[in-house]
């Protein structure tokens, strides 16, 4: 079966799932059915994506259409293949998760219907073969996600978070339309393939403008700093699977868009575009992780780490474009491959982490890390699954995050192969920034895992949390995927190299995979490694000593005594590091960025007041909201006030407006 | 020690004018004013207004309990004791007027079961949590057990408590403190010391002064002479005995030797806290030489058994002093000079553990800590007892109130001590003891220990046995400035440095 | 009096060792102490780690113990080291009359140490000299911990402490057992 | 640090030779008394016991029991009964048995009976 056929199956599955959910008005059985259908559709999506990766672009299928609206045109392109497979995986995991997570009911029915349609929309975006189809699908995804976030409209901040999302994606949409219009006008075609083949017709200035518009437009969705503010607002208020979908897929659609423009539609641009993209990515990565470090809310924390990962992906793309501009076609293709790999990894573990965050919130009733603690004893299964995801996202071997980030670094280290020293230095600087980001990411996730799961429970809820029917299948599947993406790295690289081959026309395969399980990135004389052997080795290194210890040692001569506590105290939960105190050193080191504020007052300073309560708080200034967006919002409001007088409400005036507009359009046409 | 002429004191006259029903008497060398309990509050207001320093507050007797407030009139060369009998279980809240009194209010509550009329919760400072009704006390068991100190709970997540001790570094006393930190800076700090309380004041009852002095100088081993002298002076005041002049000079020699070795030890501890082990070694060489000098001069490295009520038991070996003192002090001075030019050391001291003069005054701090905060308090100069009447010390002060200021004050004092010892030996220091009559009486004694003013109040019954002995070493006062010093913009690695610069003992405050 | 003289060390189990004043039995404890210190000497060679424990001392003993590490005495040259962590400690130096409020901490510290471990009662308070047993103090460390070595003195000078440590690891013969503290006998011995 | 290095060189070594060689600073240390049985009868023994502040002395019939472990070398006994006791000069007092620190000193007969 061709990739497109799989896509049809998936689409059908999601439509049916939506229908089933709605039909039953949220009857448990039909919810169940809906989830099963949605899962099957996801599986089909995986298959479709995989075959698209493998067999390359399919033919373009057109349906219906008219001169004005344009036609519906679909195509399974190999660039979209990776994203489609990821979409399938995410949908499958969420389907396995949702029916346990949501209590049955009409709201759930609507929610699931919206969710399945959103999946459909994403698939449409990925399969769109012409501009109109793409834009319509894109817009529908935006609206459907807006509804997803509004699952619990009653709760505080939900409306606000959803609005941040909608406002920013609409702003982005306008820019996208502009970008596409430029391309369509200059290549006289609405079809992506033709645009790609006629890209040389686009004058340089227009091409750069189109790319910048697209970068910004998709950047809103992908969460490039400073366009990222919707993520930390929308993710916490969305239901767990909703935010998992947002971070695992929707954000990656932004990356897809950028890749679409950078590699398929406008293959090789000037170097400065690449450097610009790379810089934006590097800054995004660093700032994302730095803000993640000072979040106490689990989901806001994960949202910021999503921003960081987007940054890493975009950095890879940008570096690829730079190399392309300097004619390093192998590196150009290779970094695209590495970026796509990271997309797949990030989608997997970020979905996993959001789903588990949902489990924690569900069982303990809070997302505040400083109210959790000791969950490893209460939720062992979640603890194991989350640990896998955490190791992955912290890019520690032998998990998948390490593989892709290592590949990206290997690419960036080739910076010296561009002719220009300056560019080489810039690329290395970007690599250094990613290095800092990687280190901080480990710090952040030691904190993000240690505070909630290790130590003592800080509140009664977290002390009494229990594993009763929390969904395990979904996150478990993703955990398996994380391991598979690491252990099976050579296979993944092989598949991706075929896809990249179709996109760029560069065949990486023989250089890249000489042996079966070894990868030689970028340049044969530079470096090589084998994630598979590494995994085997690391597992052996950790397990064998334990076995020796257990076997070689008689149990008798070791005694167990209580933890040394200095003599008299009994440990209390308040005597352990909390999320905010753990990250205190960063607030000191990067205070220029955080501008931390400390508020503290004591009941009284008399010796008598000493044992009285002390109020102490330290907060981090939300720089971008305060110094960038608040002014913008004010400006918009001012503008609205200014143009209100136009809205007189008199029909004749509006007719006059219409007349003037048509007149203007006519005159422009005539000139 | 000469009794002070009552009328001589302007503050006293003012007090007598301010309160009604006051009756004047002389307790040995101090002036005592007995007031009705109702007048206590007004008297406290008046005295604090007149700049008197509430040096101590304690209770004695049982039904009624007899409150003693000891006021230091630092400007007027004498102490003023205001007494009031408290019937019932409440007395006017004094710590609202003189905040320094709070710890004593807590102690009185634990020991006598009476509390200030203010509703503020009283903390556990002395007796251990397991102290039940049959636990030995000076008075009655409090109706409600005192509150345990604990970390503030409203810091949720933004700071956490760092439990430390009581078993902590090697070779230091047991002390527990809970450090509340935001990960870097110190938000709050509290400590308890009841696990070292040996019930000394309870122990001394019914003993003769001579017997008691054995335990008195083991109250705070590092100021055996200072506390021992204060006790001896109290007994002598109570019995109106005067120690021979050469014995008093011997006491002073011993006291200044004690100051020397304590300041050397504090310097060594500072170096250890700042991780400057080579400086520590230098200071410890000086310290060991000073201790050996003590052994050579008085036959004991820590000068135990030199002072006894009525006089001294040993005469200093003047040749040993002349032979060793300047060499040993030179060792210390060279070490201090080298430290003063070691930036890595000074950087840790500067602006660390600041105690403002205001804090020092409100908390009633004494000794080098207060002097480093610009408080010119030195009982050798303010309340000179022989031999300090003719051998006046120059008081060293600083204004910054940080660790460096304490370091400098200590070393100025050390030099001054050497000068005093030379003068005292010049004037002639020998042994000699007055016999103590077995008679009733009560008296106040004081001495400037290396940590500051130590106060002892003694009450004797007619056959000369102790009915109430109040021991107040300087550590009792200065620990209450420690948490403020730690909270003043310090990161928690500064705490050991601040502790070393205070150079207090837990034994002294727990006694 | 040369140190480590076997003749002296042989004197210490002389006939007619009187029954002890305090409640501790001599024979088994002595034997246990000897065996233990031999094991220590064998097992730790020239590296033994010391943890101190203050159970209500007057701070003088602590000062003397700190001076053990000072240049004049430098206990590291003999293979002794201070360690703040009882987990790493082989020897516990206990000062003070064992305040009852400190029982818990004392037991915890002792339990936190890995075996084999020696307890050294340090200073007159710890040996039952200064404080009588009462509601505040036990009056002697032996009430709570099984003591292996006793170091008298108020406070014991660093030299005495050094000798005590060496006795503890059995590298210096115990000597006091052979002394009578009756003056003129020693004078006769001298003539 | 160079400054400290030079100071150290100038300062030289101060470390004691103990236990390999004897240390003369030991001569200055306070040491527990050695009693002279020749000067001890029951009454003097009782005076000594009375004056001892640290529970180190005790009389059992005709024997003065001296607990070296409890002794603080305060010297009160030497002051109280001149000639009955003198500093023993012993500073190597550590024992592995509490019993070794308890000395029994016989008293003269004639005074008591």
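Some notes on this structure:
We just call them A, B, C and D in the order they show up, numbering each chain from 1.
Throughout what follows, contacts are C-beta pairs under 8 Å (C-beta built on N, C-alpha and C of every residue); 3 or more make two chains touch, one makes a residue touch a chain.
Note that the structure is a prediction, hence the values are computed from the model and not measured.
Relative to the whole-protein C-alpha centroid, the nearest chain centroid is that of B.
Contact count check for B-C and A-C (C-beta pairs in contact): higher for B-C. Rounded to whole angstrom units, the spacing between the C-alpha centres of chain A and chain D is 80.
Spacing of chain B relative to chain D, judged by their CA centroids, is 32 angstrom.
Centre-to-centre, using mean CA coordinates, chain A is 66 Å away from chain C. Contacts with at least two other chains are made by residues 71-72, 86, 105, 108-109, 130, 154, 157 of chain C. The residues of chain D that reach two or more other chains are 14, 25, 29, 54, 72, 74, listed in rising order.
Residue positions of chain A with contacts to 2 or more other chains are 565, 567-568.
Two chains count as a pair here when they touch; such pairs are A-B, A-C, B-C, B-D, C-D.
Within the complex formed with chain A, the residues of chain C that make contact are 85-87, 104-106, 108-109, 111-112, 114-115. Listed in rising order, the residues of chain C touching chain D in the complex are 1, 3-4, 12, 17-22, 24, 26, 29-30, 33-34, 37, 71-74, 77, 124, 127-130, 132, 142, 147-154, 156-157, 159-160, 162-164, 166-168, 172, 174-177, 179-184, 186.
The residues of chain C lying in touch with chain B in their complex are 50-72, 82-84, 86, 96-97, 99-102, 105, 108-109, 130-131, 134-137, 154-155, 157. By the touch criterion stated above, chain B contacts chain D in their complex at residues 211, 214-215, 278-279, 281-282, 285, 288, 292, 295-296, 299-301, 304-305, 313, 334, 338, 341-342.
Taken in their complex, chain A has these residues touching chain C: 559, 561-562, 564-565, 567-568.
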